[in-house]
Structures are given as C-alpha cells and as structure tokens.
Amino acid sequence: MKSQSIGQIALAAAAVAYLIGVYFASSPVWMGFTINALVIAVIAMSWNITGGFGGLSSFGHAALFGTGAYASAVLQVNYGVSAWIGFAAGILAGAAMGAFIGALAFRYGLRGSYFALVTLAFAEVLRICASSFAFTGGGSGLQLKLAPGLANLQFADRTVVYTALLVVVAAVMALTALIKYSRFGAYLIAVRENEDAARALGIDTYRIKVQAMAISGAFGGLAGVLYLQLWLFIDSTVVYGSGISIEALIGPIIGGAGTVWGPLLGTLGLHLLGEGAKHLLPNAPGLNFVLYAVVLICALRFLPQGLVGLAGKIGASKKKKESGDA
Amino acid sequence: MSSLIIPAVLSGLMMGAVYALVALGLTLIYGVLHIINFAHGSLLMLALYAAYFLWYHLGIDPYLAIPIVLPVFFALGYALQRGLIAPMSSGSEQNVLLITLAVSMIVDNLALYFWTSNTRTADIAYAYDTVEVLGAFLPLGRVIAFCAALAVAPLLWCFMAYTRTGSAIRAVAIEKRGAELVGIDVNHTYAVCFGIGTACVALAACLLLPTFYITPQVGYTFVLVAFTTVVLGGMGSLPGALIAGLLLGVIESLCGLFLGESLGQIGIFLAFILILLFKPSGLLGRAR
Amino acid sequence: MLEVRNLSKSFGGLKAVTDATLDVAEGSIVGLLGPNGAGKTTCFTMIAGFTKPDEGSVRFKGQDITGLAPHRICALGMIRTFQIVQPFAGLTVQENIAVGAYLHHHNRHEAMSVARDVGKRLGMGGMLDRPASSLTIAGRKRLELARALATGAKLLLLDEVMAGLIPSEISEIVGIIRQIRDEGHTFLMIEHVMQAVMSLAETAYVLNQGKMIAHGPPRELVRDPSVVEAYLGHGAATRLQEAHHA
C-alpha cells in the first residue's frame, strides 16, 4: 500500500550497503566510527518519536539518554546488579523520566519554544545533580569494571559489538515503523498537525503526548545504556550534556523528521561528513559541530522534509504520495 | 548566619544585575520578534573575547572599550537577523529556534578552535578593589556592573517609549501587518531590534570582563540563566527582566551558600522549570 | 437527544453567551443562526467540551456532559467540526478519515476499511490515496465531515460547512447531509448560507449578542422582526415592511 519512490528506496539501500560494507572495510577505523554513529542514531530515533511524529521538539533529550546510562551504571557499580538487569532498568528509567517530563510539561500546556526550553532545563538540572551527588560518582563519573562476556554485555570483539548494535538499531526502526502505522502513530501525527481537531475526534491528546514521551524515553534510555556498555564509563558533562541533545535533534531533522529511516540516514550522513572533516583538519575538535550546524541551516531552508523528502521527489511513483513517507 | 546571608544577598544582587543586562537584550528580541534567540549566550562569549583582545593587545580598558564593542555588536546583530535568521527560517518559530541554535554551535566551536578551551582572565588592577556595603566587601568591578545595569534598563525603556525608532519597534511588536501598512520597514525594524539586543550583550560583556573568566563555553553558562530571567520576568517585559535578573542572582547566591558552590545554579534551573510550569506568563508578563 | 440549558460564558468582562437554551431531537437537523460575533461558535465549544461554561448544563442522550473533556464527549457519540478546516497534512485522505475511525476500531486494518467505506459514501472514493493537503476547500469540507462520521458519532455539530463553497458545491453538501441524516444521524449546524438552512433544517435557533432571541421553523424565523433586525440593524424590519408596501 505504501508506495515509496525510487529515490527513497535507493537512499535506504545505500545506507544498508554502507552498513554491510563496514564488515569488509580494510581499516578498523570505519567500524569504530560507525559504532559511535549507531548509538547516536538510537537517540536520534528517540527524538524522532516526539519531535518528528508528535511535533514536540525537545532540546534536552540528553535528560533521557543520561538517565538511562546513569540508572544502569549506578545499579551495576553501587549494587553489583547484572548488566542485563541494568540494561532493562536503564530503558525503564528513561521511559519514566520521559513520562515525568511529559506529564509535567503537557499538564500545563507547554508547546513550541516553551517545551524546548523546559526540556533543556531538565537536562541541565539532571546534569548538575549527577555531578554533585556521591552515588552518581560526582564530577568524576562512574566506571564499569572491564569484564568481557555475554553476561556483562561487554564484548572484546568489535565485530560482535557492531553486529549487536545493528540488531538493536533494526529493532528500534521496526518499532518506529510499527508505531507509525498504528493507531497511536496516527493519533500522534494528528496531534502534531492540529491538536484541537484531534481532540474533537476523540483523542485524549494529553495522554498521547505523555505516552510518546515515555516511548521516546525508553529509546533514549536504551541509547544511554548502549553508550555505557560501549565505553564502560560515563560522566555528567557527556551523557547529560548539550552535545547529546543537539545530536538527538539534528540527525532526524536532516534525515527527515517523522520518517522511519530519517534519523539513521541523517546521523550516518552527518557523522560521515564530520569524519571526513576530521581527516582534512585533524586538530580541530568541535569542527564537526560547525559542519552539522551549517548543514542544519541549509536543511531547514532547502530540505524541509529532510533527505528522505528530497529522495521522495526522485523517481516518485505515479500514485504520488506526500513526500517524507518512508 | 545572618552575617553570611547579607553578603551573599549583596553579591547575588551584583551578579543578578549582569544577568538582567544579558536578559534585557534577550527579552527585547523575544518581545518584538517573538524569537527565542539561542545564540544569545554565544554572542556574549564573542563580546567577552572582543573586549578581552582589545585589552590584551591594545591595552584598552574594558570600560573604555564600550564605545567600540557596542556599535560593532549592534551591526553584527543587525546583520545576523537580516542576513541569516530572517531569510533562512521561512517564518517558522521552530526553525528560528533551530537556526539560532546552529549559530551558537558555529560560534562556540569556532571559538574553541581559534582560542582553545583555555580559561582567560583580564587582570585589571582595580577590578578587585573592594567597596564596603552594609558590612560586606564587594569587588569594585561588580559594583560598577550593578550600577550600570540599573542605569541601562530605564534608558532602554525610555528609548522604547519616547524615540521614533522605539515607537516603530513597539508598533511592529504589537501588529506587524498594521505597522507594515503605515509604512514601517518591518524587516529593518526587526533587525534594528536584534541589533539593540546584541548591543546589550556587548555592554554586559564589557562590564563583566574585569571580574569574570572567559572560555568558549562561557556563553552556555549564561544562556540558560538569561532564558530563566526572561521567562520569570514575563516574556518581553523590560522591567520584569531587571527584577527577575536580580532575584535569580540572589537565588543562585543563596543556593550556593546553603547547598554548596556546585549546586548554586540548580536553584536557577529549578526556578526555571517551576515558572515554566506554573506561571509561564512570568512576574510582569501578560497572560498568554 | 441534546438538551442545552441556560449556558453562559464570559471572557473577561465580555459576555459571549448568556442563558442559551436549545434542544435537538434525535434524527433532526437543527440550525443555529445569528450574525457574526453572536456567540455561535462559543456555544459550540461549550457544548463539545472545548471550554467550560460559567453556568448552565449540557445533556446528551440524557447524560450530563457539562464540562467533560472533548475526547470523552466524542466517545459518547457527539462531535464538532471546525469552521476553518485543516486536514492532517502528511497523511492521505484515507488515513485522515481513519484517525476518526480509530476511536472504535483499534486495529489499523479495520480502521482503514471503515475509512474507505465512509470516504466512498461521501463521494471521495477517487481521492482516498491523495495527500490530504492537496484537497480543494470543498474536498476539505467533505473530509472534515467524513472524519467526524468515521468516529461513529450520532450527533454532529457542524460549524459553517458551507462557508467558502460555490452554489453547486453547496447543493452537493446539502445532499450529502440529507443522506447522512437519513442513515440515522442528527445535526446541529451553525450556518450563514440561509438557502441551505431553509432547505435542510426543520428548526432553527437565532443567537444575537449572546442571547437566544428566537426559535422555530426557519421559514417563520426570516419573517420575525427581531431576527431581521439582528441581521440588518435596528429599524430594518419596519423599513423592509414599508418598502414591501410601497
């Protein structure tokens, strides 16, 4: 029923080809770099649920990412809980934090810039808390014990890590697709497009928005836990930092907000660009963010539907559909 | 304990005045253009570096740098609005927010690249001379900043109330189409307003430099405080921003006193969340 | 089916609606008339739960629904449409209608097939796969009706569905509304197009400056001097009378 354009199929195929190609790349650098990009892609997919489908642009998705990471790390480090339970707890904590922020913000009807600012403030409060309390390791962060093995969700072999991440990313994308073509997804889009009309049609918009934040929180918590298991170390300036919040929103916007493939495509594209820049100008930390920002401005102006929308115009099938439907 | 509280309140008021000054520009831009300028903190950082380099290379005292930095930043703000934000945003509120975010990313990271993350301070001899107020010893630099902020707020208000440009800005703020119809150049007025907002930041930077440090990240420290000030004061209200700035300075100082230095700013952010949730129209703002 | 009693609402000092009372019997088409700013839409927003009335009550199928949230009221079987129709962009026509159908059909497949049926009944069978944003005004008005119908609501509050349509489109919509009514639906409609009200509504209420000033069959209402004056200004009725006699 969904008629994707040739351009969109080609774009998705290119991404898949790249992700498979990484297995055969001559240099291990490619895999290491793509692993990072995939973790970020998951937080981007988290943002996409609320920001893309629901039109609720958060500027503080690090609040969810960090909460997932810290929940798991605190349990593992302070209470010796197994990594698997920490993994689940991180996802749940992210979901709870999302629901909490959403419940507060939407209870008072915040939207647009106000919602963006309140999410940002939450991330900051959490960052300061995490850097001040002893049980979160204060300013020095938390470190997991290095103990590779399936039981600890740590893998010495990069290829295994990469494969596991690919599975997780595919699962999150599948869930996103399920959401998009479900009652909940249709309701979320209705809320984005016209909240009053949605209410008239019998939609409990408050509940839908809070649920969206909870799902987004679960994905965000998942991304945080992945980060933790990958690096075995977290500190508040990174996992609750503005960099994560920015990466969460910039990938989907450039890739195509409210689409299944957008967050992955946007994040991969940006990271490739950033990596390329790093090779040209090796000693320029933060240069990738300058590039991201330039791309973001151009995308806002020239690609209102992101890469997926652009691709949608290439070889669109005869039954013309709204662009951005991938 | 009261012997600690009075100095804490006073030093909070001094810092609060700078918050107010930064927030004045932000609230002006919000009140007229209905834009939340995310790049405001980055512009502050840029102005701090400008004042710093004028002092470092040319030996110009930060206070004497005001007549140089102010017009330059007015022009910068004007150009930013007219050349980038307006044409690139297609008029959407979310796009404006994202574009100013992008601008702050560019400015912050370029600053990091060119000026490294080293913390710099301008060692101006008299800045830490102390002034005794009510038994508290306050740095001269902070007292000057406080007095200047208190003077600038009413000046800005008079400018808006009594000058031709001020009237044009207010007209555009209230009714854009109507202002257009009576012959006001809306794009120009918007850009002028953005320029004035940026000039406020430049002034704040010159006043701040003698008693503050500079890093490429310093803007981020201020941007959230400035947002809080604007929201608390009532989006778009100049007197509100002044009062809110002073209040937040005191809140931060007292939180630092009671909860420890590292938790000082948490009071500000908690205040921010509470205001956004319970009274988003702020202290002196009109109800949305 | 719907009993509205003594509804009042003021915004600040302005009394938007005062003491409005109206009844809608099951299976009827009732008009709500009045000049611009008379408080018709405010009445609708209160009945449908979008704003809480200061005073008065709304009963639907015998149940007190005053102050209930819109989505609860919709679930009970009453729905309002909007004067300015905005389809959900980014969704196709069929998906738009399905948003309504999801209320009682949680499964996508079912909701989409209900949407297809409703769409076809309203003569939109050919445009189901088109993006909703590509519809003309007339198409959007139909879509608004279809979305509302798909929720399974029995009482539809229509806010100026004819506004902005050309005469041939109006007669199409009139036909559609009649057809839907014959299928067992009830309508309360705000309408400016008198011709449409005359041919559709059995009863109409006239609201002026927030107060109900008359009700009865539309053909009688247009001869009622207070109604004429509400539309044309003070003294208009006598002048019309004189002109008629001259």
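We call the chains A, B and C, going by the order they appear; numbering starts again at 1 in every chain.
Criterion: contacts are C-beta pairs under 8 Å (C-beta built on N, C-alpha and C of every residue); 3 or more make two chains touch, one makes a residue touch a chain.
A quick note: this is a predicted structure, and the numbers were derived from the prediction, not measured.
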item	value
Chain occupying the middle, per Cα centroid	A
Maximum inter-chain contact count - chain pair	A-B
Rounded Å distance, chain A centre to chain C centre (Cα mean)	43
Separation of chain A from chain B, taking each centre as the mean of its C-alpha atoms, in whole Å	32
Rounded Å distance, chain B centre to chain C centre (Cα mean)	50
Complex interface listing, chain B residues touching chain A	36, 84, 87-90, 93-95, 97-99, 101-103, 105-106, 108-110, 112-113, 220, 224, 227-228, 231, 260, 262-263, 265-266, 269-270, 272-273, 276-278, 280
Residues on chain A engaged by chain C in the complex (per definition of touch)	181-183, 186-187, 189-190, 192-194, 196-205, 258, 319-322, 324-325
Chain A contact footprint on chain C (complex, rising order)	48, 50, 69-71, 74-75, 79-82, 86-92, 95, 98-100, 102-103, 106-108, 111, 129-131, 133, 147-148, 151
Interface residues, chain A side, partner chain B - complex	57, 59, 104-105, 107-108, 110, 112-114, 116-118, 120-122, 124-125, 128-129, 131-132, 139, 242, 246, 249, 253, 284-287, 289-290, 292-294, 296-297, 300-301, 304
